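Labels run A, B, C, D, E, F, G and H following the written order; every chain starts at residue 1.
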Amino acid sequence: MSKNGSPETAQVAILLGSDSDLPVMKKCLDSLAALEVAYDIVVASAHRTPGRVAAYVDRCETAGVQVFICAAGGAAHLAGAVAAHTTLPVLGVPLAVPPLDGMDSLLATVQMPPGIPVGTLAAGAFGATNAGILAAQILSLADPALRERVRESRLAMREKVLVKNARMRAELGLPEEG
Amino acid sequence: MSKNGSPETAQVAILLGSDSDLPVMKKCLDSLAALEVAYDIVVASAHRTPGRVAAYVDRCETAGVQVFICAAGGAAHLAGAVAAHTTLPVLGVPLAVPPLDGMDSLLATVQMPPGIPVGTLAAGAFGATNAGILAAQILSLADPALRERVRESRLAMREKVLVKNARMRAELGLPEEG
Amino acid sequence: MSKNGSPETAQVAILLGSDSDLPVMKKCLDSLAALEVAYDIVVASAHRTPGRVAAYVDRCETAGVQVFICAAGGAAHLAGAVAAHTTLPVLGVPLAVPPLDGMDSLLATVQMPPGIPVGTLAAGAFGATNAGILAAQILSLADPALRERVRESRLAMREKVLVKNARMRAELGLPEEG
Amino acid sequence: MSKNGSPETAQVAILLGSDSDLPVMKKCLDSLAALEVAYDIVVASAHRTPGRVAAYVDRCETAGVQVFICAAGGAAHLAGAVAAHTTLPVLGVPLAVPPLDGMDSLLATVQMPPGIPVGTLAAGAFGATNAGILAAQILSLADPALRERVRESRLAMREKVLVKNARMRAELGLPEEG
Amino acid sequence: MSKNGSPETAQVAILLGSDSDLPVMKKCLDSLAALEVAYDIVVASAHRTPGRVAAYVDRCETAGVQVFICAAGGAAHLAGAVAAHTTLPVLGVPLAVPPLDGMDSLLATVQMPPGIPVGTLAAGAFGATNAGILAAQILSLADPALRERVRESRLAMREKVLVKNARMRAELGLPEEG
Amino acid sequence: MSKNGSPETAQVAILLGSDSDLPVMKKCLDSLAALEVAYDIVVASAHRTPGRVAAYVDRCETAGVQVFICAAGGAAHLAGAVAAHTTLPVLGVPLAVPPLDGMDSLLATVQMPPGIPVGTLAAGAFGATNAGILAAQILSLADPALRERVRESRLAMREKVLVKNARMRAELGLPEEG
Amino acid sequence: MSKNGSPETAQVAILLGSDSDLPVMKKCLDSLAALEVAYDIVVASAHRTPGRVAAYVDRCETAGVQVFICAAGGAAHLAGAVAAHTTLPVLGVPLAVPPLDGMDSLLATVQMPPGIPVGTLAAGAFGATNAGILAAQILSLADPALRERVRESRLAMREKVLVKNARMRAELGLPEEG
Amino acid sequence: MSKNGSPETAQVAILLGSDSDLPVMKKCLDSLAALEVAYDIVVASAHRTPGRVAAYVDRCETAGVQVFICAAGGAAHLAGAVAAHTTLPVLGVPLAVPPLDGMDSLLATVQMPPGIPVGTLAAGAFGATNAGILAAQILSLADPALRERVRESRLAMREKVLVKNARMRAELGLPEEG
């Protein structure tokens, strides 16, 4: 049921403004996969294929998708365009493109007018990872098992900090942290 | 049950970094009230009262609060501090304080590291309104009646655009839009 | 034929993201009126009324409108949304809204992806005036009488500089420029 | 008649502030060539060769050129200098030069005073492509065949999004989009 | 001989992009007057009256003017346009205009390409005052009496700091500085 | 002994680039006074009175001053100039001056080269208050009574948050926080 | 006693938001080592391990650590989080992470609210070096031998400028400076 | 007489904040050499060697140097520090250093307070070249032969534009410009 690759089986639908956004957005797929959240992902430009964006959003809404994640760069309107077509939660990931390298993408994604919210994550790879996690947190409100996986993932992340701390101290020739 | 003013009865908990943030954040209360979402709201500074923030977040989580909204200005860490203490969805509203007037608040709220997402809204009043709506959208995933109110509110917003359009055209002495 | 207030009689269609944009955009109406270019103007938000934007653009295209002018603030997507629905020339006026005061509007309007151009004017009132003039310049390519009015307006502008120069020098107690 | 390389046969005249701008601006030549719009292109600096800029603009205007495209970096005055010498439509492409990498070029191109519009495209390569397309859109108002080519190019662009979408989904091991 | 108001008697020629620049630029006239440097001042827009700018610069050069001061806002090209027409020293004062309030003016003035320098002063009133002083410093290289006045003015400025210091300490109820 | 107004009796020396900086910097005096830290304060410009700055720093160092606080706006070099003349800790407060309103002051204060640190506080009034507190924290390392006052002040600040929280909730008609 | 690697023997405690911050922060360790200041260093994220940060700060405070240095990037809250838990002096080093490359880190570190100061150093490697030196300057107020080492280090730095000057002049074929 | 490498024989004195500034500033030496202007150049940091800066400025002033050129990065105070010690014209070249890459250097150089002007050139290599040319333009006011060389250099620059234009057109397969 919970299989990637179709709005009918996915909980999260991801729209990329361009296929060149995939390398960074793979981090989003990774964070969804790690939390066992099913997703669909399409390339659909707010500017080049506005009808496709609207049609895909409608199909997703009918199919039961619950959260949208939109990633784009420059005058990054994709998240806003999706938010204009649905009242489901929409998350935006501003991607950096040269030469302004993300400040344009961030402002074009986050500065939405009253009535049409886009929950915006950090510009670039950090935001790609976090969009997946925030989508999972939202879905977990009605899914105790997912809620548990989100919590465990947070705890694992804490363990990793300790491991890195130990490694760094060893590298510096310092004693183990007491 | 769904009464404002206590984590035990609220679905959304709002934290303000300072009571001076209230005038702008009243727009958030308004958008929650209009959608009949119960909220609690406290002043709790990430920097001046970090223990209080953590304790309040814990109490909210136990009490069944589902979404946090955090508003702060300057080195706006409040949303990040809340997100560090919970795996529930956290929304951030960057508020403008002089002299940098919101760019600092926006970047300090949105640029979170991987693992700890904050869904960030627009700087200032637009973001205050939208945080309430996004929280309602998230809650509506498990609440069909709220989902319907969110949809109706969107439709009402559309009507308002038409009314404003008619008024503007009348003011300009133009015929009614055909 | 050339009457304001309907796509059927207008050469230029103006879309405002909000009726609060009118005070600044009156400068655009003034520059079109001074050059005797017929326009229609509507409030139509890319985010609150995306269907309305698309329908209005279609109607304009059918009716023979030749240039679109779009004014919006914040995550100013209106010009991009119009450009996504037409291959007619689209001009964008980024309007300043607090607290970021126009930098967000400018970047969200101008930084369009390849394939979907928006000819962007200055942020604020200067851009409002200039959008009207650039629209007239474009229309004048096929309208020698308009071309002449554009040229005369440029010359009149030059005269005005001289008048202001004379007035300033008088105010400073300097002799007339030799 | 419609041959590149002379104002007498070109519809669009392109001015580069420096020959080092050519690699990026080749994208502009490509978009004009794809739409079969004839152009002339010269290196002519607003600062190093102001007389040459004025003379070339005059010659172009006499020869029947209809649109100017100007590309420059830094204190990018070239588009403004051309716009000061003609009432034909002028499009500006802000090019990124170190160390400020395009923010200076963008502001110096777009923030024109009332009376002298420059239709500004995105900073860098995206804007180079789009300047060619916007010029073609402007010319197409009086050229139905060109209008058709512009429309077809838009449709082809849409097809390309679908192809890229399919390729991306295959790469991710996802089923074809239903 | 050294009278204000004509290039023939002035050492410094001041160009304002608009008469609305005068209130701020009066500070420049004040600093020149205090140092007894004769100036001429005209309104001459690089964009609205490019021919006038070139003609005025030529006349000034013939008449023996030695330094140009140019003040403009937005896409502030005036100093660059003057520098393109002369090899005399050109100083630029970026003036703040809404909504970007001077960052555009500063970058458009200072980021000149190699070969055409503009010595740029601070944005706004500070730069207006300083342009007059820097012009005087330049002229003083060949004018020992002016050099002396510049030095005395610097010393007087130092005295004023001491007076302000004493007044502030008195206001705070502190003893005189020992 | 611990009296304000002379380097000989003060622990902290405050330098203002201009007497117009006093209204904002009164917040610094208030925070020092509240913690019973004796200060001297002078107007001394890094640019207008560089010798005075050096002489005052030398006198302070001889007299036993332990911390410097420097406040300036624009190309705010005062803290850097003081840091260049002493190896005592130097704190910088960037003050906002029009038109760039503090971003220039912040960068000119904080971006010091390796070897000459300036501990920089927030731009404007927040930084003025905090410079006083950080100076007290530094001095408190060798002064247990001051350390205690700093701690109590922090606790009092926490109480004030609770009072403001109660007032806000009352104003909103919410019950007391449980 | 004065050994690196434990709060019990260190005077300065360094917190890194991530182990990837170490390469830049090695410059901080170098400047502390050169001045013979003992430090402890841990990886402890304000967001991923908030409890660990608080516990480590408490342990350090009990153990007699006197100064904290915190380095983080993006929405860099680490220094603020530490400052919220202690009244000891806290220094912040904003580290650059892509794509915004340090402007976000700087604003999130420095723009602290009144009451909770963070003495902020330059973004990146310069700030890393300077945090170590400023910590030493603070500690030296109560440690005459350290004060002497700080002074000698400053003098040595001056010598190095002279050596580099001589080398540069030789490279340029210029005579020794007279 | 006019030999490089000593204040006694130089007309222009160049101060670098660091020897790492030389590679970019070689462009300044080149432009001075091309115009046969004698210079001296030293490494002298406003922060690390403030006394050396003051002493060198005094020596230069006594020796008859006429113009100062100062290049520095980050909180670039060098030009301001020199301007504080002399009433001779001071030119500033803001150099880019990571991670803020020149915006900090530009603002710290140009935003000088009233009374102490620094004529600021573009950030980076363009400004390095132009500082040499502006210095020559200033000196040429009293040196007709130099004035002639400056003019010829400008003309040669124009020729180079034409050569580059021809080369570019050939590369593109376009006919020679008519």
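Everything below uses one rule, namely that a residue touches a chain if its C-beta (ideal position, glycine included) is under 8 Å from a C-beta of that chain, and two chains touch if they have at least 3 such contacts.
Values in this document were obtained by computation on a predicted structure and should not be read as measured data.
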| item | value |
| --- | --- |
| Duplicate of the A-D contact set - from F-G, A-C or E-F, the pair where over half of the pairs recur | E-F |
| Most distant chain from chain E by Cα centroid | A |
| Whole-Å gap between the CA centroids of chain A and chain E | 52 |
| Chain C and chain H, separation of their C-alpha mean positions in angstrom | 42 |
| Euclidean distance of C-alpha centroids - chain D vs chain G, Å | 48 |
| Of all residues in chain G, the ones touching two or more other chains | 18, 45, 48, 74-75, 100-101, 103, 106, 110-113, 115-116, 118, 122-123, 125-126, 154, 157 |
| Pairs of chains satisfying the touch condition | A-B, A-C, A-D, A-G, B-C, B-F, B-G, C-D, C-E, D-E, D-H, E-F, E-H, F-G, F-H, G-H |
| Touching residues on chain D, where the partner in the complex is chain C | 27, 66, 87-89, 91, 106, 110-123, 125-126, 129-131, 133-134, 137-142, 147, 150-151, 154, 157 |
| Residue ranges of chain E touching chain C (in the complex, touch as defined) | 4-6, 8, 16, 18-19, 22, 29, 40-45, 48-49, 52, 74-75, 97-101 |
| Chain D contact footprint on chain H (complex, rising order) | 96, 101-103, 106, 122-126, 154, 157-158, 161-162, 164-165, 167-169, 171-172, 174-175, 177-178 |
| Of chain F, residues touching chain H in the complex | 17-18, 45-48, 50, 54, 73-77, 80-81, 83-85, 100, 103-105, 107-113, 115-116, 118 |
